[in-house]
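Dropping the structure in here first, questions after.
The letters A, B, C and D name the chains in turn, as written, and every chain counts its residues from 1.
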């Protein structure tokens, strides 16, 4: 029979850098660029797709946003199929599952589409470029530094994550654990990781549970927008307000209130709009032949300037922005 | 059988002025089956003529592949609903079977063939648990399967946690999407059709099928006729579980990913398709042809609207409206017919 | 046009004039006339499917007539629903009990009219008290606070009667209220009905039992095939005359059991016990023999039948068919062994109401009718047609849902279903409950014929004349025990009643 | 001796002199009480076990959190009870809640001066309107509620999605007075919970003590008989759906106040939890029996389980499984109780036993 040891698991589509790049090629006009977020109705993706749209308008392409109303890989597959049927030049997507949509993406590639992932990657061989909001190391470093500053470099902390199987969350958490091993964080102890499933109420309950289970808790890191907002709301209405510190990745609009009322000192996030904007440019550059996704390729992304494709076709947006009560009013998203 | 009266069809015929409405309706439409098949044909024609890229081979392949899980689960679900029960845990069973498959593949070293057999067996066991609660303890299936919906989904997370198993052999995963040579029809459609044939024959042309309708309407009377109501229902739940095992395998291989959240929410789509196919939620009425047409109609509409760039949100509204229309329309038509009929009758009497 | 009523002495209270009602193609009522007088009990008789229950439902506001007028006290009466009928003072006891199983007996009686206290709250104590008083009036004891679920059919019917009484209605309509009651209960019911009449109410009474009709009623209206035939004073009529008008011909003698040659013992029951229900029941039935199981309602006869047939389990004893033990608790095995059970409650146990006449008639025979496991429609139809024809089932078509048939015709479909299995042993529980005279003699002839063909028949019946006329042997049950066995020669009303009431119980 | 009455010894209890002024509780009512008691017991046990492991579980803050956490589910479960008792079910409550919550946010966004009571009224009215759509379709077209509300589950959610089109409304967009409503306490008890308490008491009292309330049970127990007894079935069922819609609307407004952050996905998938709460609370899924108090307790129990699992730091992967197992246990317990009562009833009228 077929066992794991003897199986040949080469899905065979590792050709993301075939052909030669022509750095001087002009961006084509009229490119059909489709954005396929994890799900519609998610404000985060609404903002980033909006960024994508302004980029596509700048290069005079056709923009389209489609997606399932609930975040599932299987419905994303069906949308990818539809898009490749429609002959899209570029599909920009954020994967609900790194593996599940691979087959469909490969088929779309065969049908001539260029594939860019953003926010949440697939296996590298299924796309040409992954536009990473920030490196995982960058996030880990930033988050640990923020919490350390807020709790005075000492004490117990916990992490409130999204779903237990969110790829990027888990990567960040692993790196945060590494980061915490550094000598300057020796007095900080990570006691547990809780999962709020990116569900507001669940995250709220989990925060409550953390505080009751760990009386000496000094701080919480919640590297997900839903989680950090729920935790903020819990803390601001509880006796722990200001005593237990909270940081994480959140949107200024959601967190403004808690920053102003003193629940949260500082938190971070990249600009989702810029992320979409960059992804659209990366897609256009691919479709115009400026780049192939090979390491070292360079392309210009409008107002954001020039970017270089890194290892495995990854393009990094940049370090996250830290928001605190001094700058938060300058941001509206 | 303490719950039999609970399952009684809504208004009983004698008490309900419009009791003849179903008979009248059948006269009008032939049957719901033909109506839904006609709707399907119309939908395909309209979509083919007006929606770009719809009438292509590739699209047919995508469409059919997306419908395989739905069609498979709808088969046992039809039978279960006809007996007056319901199984809401199907999607969770698919999920749990999928994660079991992933876990076994990851850590057991067993051959994939053996794993597939084990997964189907697990599905049958999960179904048997449902069946035991429903028939052995006499609990309402709606409540039981809401419970196992949560339980099985929870267990599938317990089983695989935050991992996803994805390294299934490429020839297996490719086989799931391969077409019958020379056509654009996926190979997997063949076993689905065969299974549908088996279910259709059992339901419509065997003594057991008759018994299903009888117990769906009145399980006490069925008992008096020598039907082992409990045993039959138990096996239906087992079959439902086993089919979910098959779907779990298909799902895992097609998406090359075994994850705890696979197929979440599929139960509502299945129920929608079954009801759209004309099966009465109170049991005792409906047929398999209608259900298959319902599955296809649902799929064709979604696919065509997607291709026509209709917002996913509008799709949600369309699904809901379709479901409502499928139950309201027949009644409305029958009402109008009955009213016309009464008027026609009254006039000769009066004159 | 008003019904010609001989010797009308007082203005009628409620008049129906030219009432017509059809269901699809079935004309259930065609221009029916009826006048109910205050202080009188009025009988409505007719064959099964004559339209009696339909008329009742029109009076109850549950059906709207297609044509025709109703007047109450000379004022036109338009009923838009059952609530209107109640408001007009019309109380109805339906043919099939309509109770709420989850609610208490008292609430069942007073639903929508519960006594109130401050803030328009329900006064539960007063309600239970009132219910108890009603039961006292009827001379029965039922706990008003218990849920209606699990009441026996007779008790259900009594609750229905209490409900109708509680209205203090001006018009009381009773659709076969006595079908499930024993003689004593019937007497009490009649006493109550008479006292209502004395207070000036009008009573409409429907029954297939002529002794009751003539006992209670002053007037008799006959319906045939939905059409009005006659309305007369009861005193001017004889049973034979009524039967002739109902059926349109003379009906042969009612209980024609022919002597058949007795063959081997086919059914043997030994020491059957179901704790708390019946104890140590033993008897046997031979081919060609009709054995009647008599007793008061609630004596446990149906339970014995159900246990023998395997619907219920039993705690001790055994059942043998032709000397071979039948596995307990499996009707399927019982059927395979050649047993058939025509249950007492056709609505709940006998029929699948939504299925067609055809499907119902062949339901018990679906295995035998299939070839290589496949069931073909043609075989079913042929089978159903032959049996429904033989039993003269009145249905618009074989494909019509059995729910659209009249009560008596439904009963015939149940019979057809079981006779189609060609059983060796036929257990038949209240075979003629709710069946009209014509059909009744038909059923009796059939039973007799079947016995002649060598079937062993166990018949449960609450009608003494039926028991006496049909049975070769009478077994009498009292409180879950077989207390007496009477051969045909010794069985008479007194001896059976004596045993059934538990006096001088010597088995 | 009555000739018909072979069961005289047992039934005699019915005839025992009853004190006229002390209302005797009926068998059915006593059964419900047992059900509610067992829920309280389970709740107590859960709290006890959790507290033994972690004494902070009974701290004031924690209790406040619990009460706050269950309020919305309690309101929804009570509304659902009204519906289930009539042998119907409303699967669209999650969608109604989401729609109303978003509408409330939008109202504040577009008319920032709106006083919160106005928003409350608007939200309840919108919920009632959605309920009227459900009830209208069910009562007029006489089709099963399960199907209709499954349809409107999609339809209302679709409208919500369509309207929101990915926008989000944040706490900053809503007046602080309104947001305070979601967190404020009176004598240490959250306002939200007080609102839920009022709803439970009102609905519970109505269902037990008013004619129309009892008629709802009658409808659920045997719809055909209800029609024949002159109960306006269509009207009552319609009203019940409107009431449930209004309560879902109320819950939606409170959701907005409590969570502050609103997008179109609010309340997604809540319907199963609501039905589960009612079922765990002893409301028979096929109508005719159950009480608002039981359903409320069921909701409290479910919420407490969520919290206590979090506090006990049980592997989060187990949580859903535990909830599922609990639902099975609850309906199993109901069944056991029902069987015992049935056996008793049989004993009463069993003859010669």
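Methods note: contacts are C-beta pairs under 8 Å (C-beta built on N, C-alpha and C of every residue); 3 or more make two chains touch, one makes a residue touch a chain.
No experiment lies behind these values; they were computed from the predicted model shown.
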More contacts between chains, A-D or B-D
B-D
In angstrom, rounded to a whole number, how far apart do the mean CA points of subunit B and subunit D lie?
29
Distance in whole angstrom between the CA centres of subunit B and subunit C is 41
Just the number, please: Cα centre separation of subunit A and subunit C in whole Å.
74
Which residues belonging to subunit D are in contact with no fewer than two other chains?
157-158, 161, 165, 222, 224-225, 227-228, 284, 287-288, 317, 342
Enumerate the residues of subunit B that touch no fewer than two other chains.
5, 12, 14-15, 157, 161, 260, 311-313, 315-316
Two or more other chains are touched by the subunit C residues 62, 98, 101
Please give all chain pairs that are in touch with each other.
A-B, A-D, B-C, B-D, C-D
Inside the complex, what are the residues of subunit B that reach subunit D?
2-3, 5-7, 10-12, 14-16, 18, 133, 137-140, 142-144, 146-155, 157-158, 161, 260, 268, 271-272, 275, 280-282, 311-324, 326-328, 331-332
Contacts from subunit D onto subunit A in the complex sit at residues 54, 56-57, 59, 61-62, 65, 69, 157-158, 161, 164-168, 170-172, 183, 259-261, 263-265, 268, 306-307, 309-313, 316-317
Considering the complex alone, what residue numbers of subunit D touch subunit C?
2-8, 11-15, 18, 20-28, 208-211, 214-215, 217-218, 220-222, 224-232, 284, 287-289, 342, 345-353
So in the complex, the part of subunit C that touches subunit B is made up of which residues?
20, 22-24, 53, 62-64, 66-67, 96, 98, 101, 309, 311, 330-332, 334-335, 341, 343, 348-355, 359, 363-364, 366-367, 369-370, 373-376, 400-401, 403-404, 417
Within their complex, state which residues of subunit D touch subunit B.
87, 137, 141-144, 146-148, 150-159, 161-162, 165, 222-225, 227-228, 272, 275-276, 279, 284-288, 315, 317-328, 331-332, 335, 338-339, 342
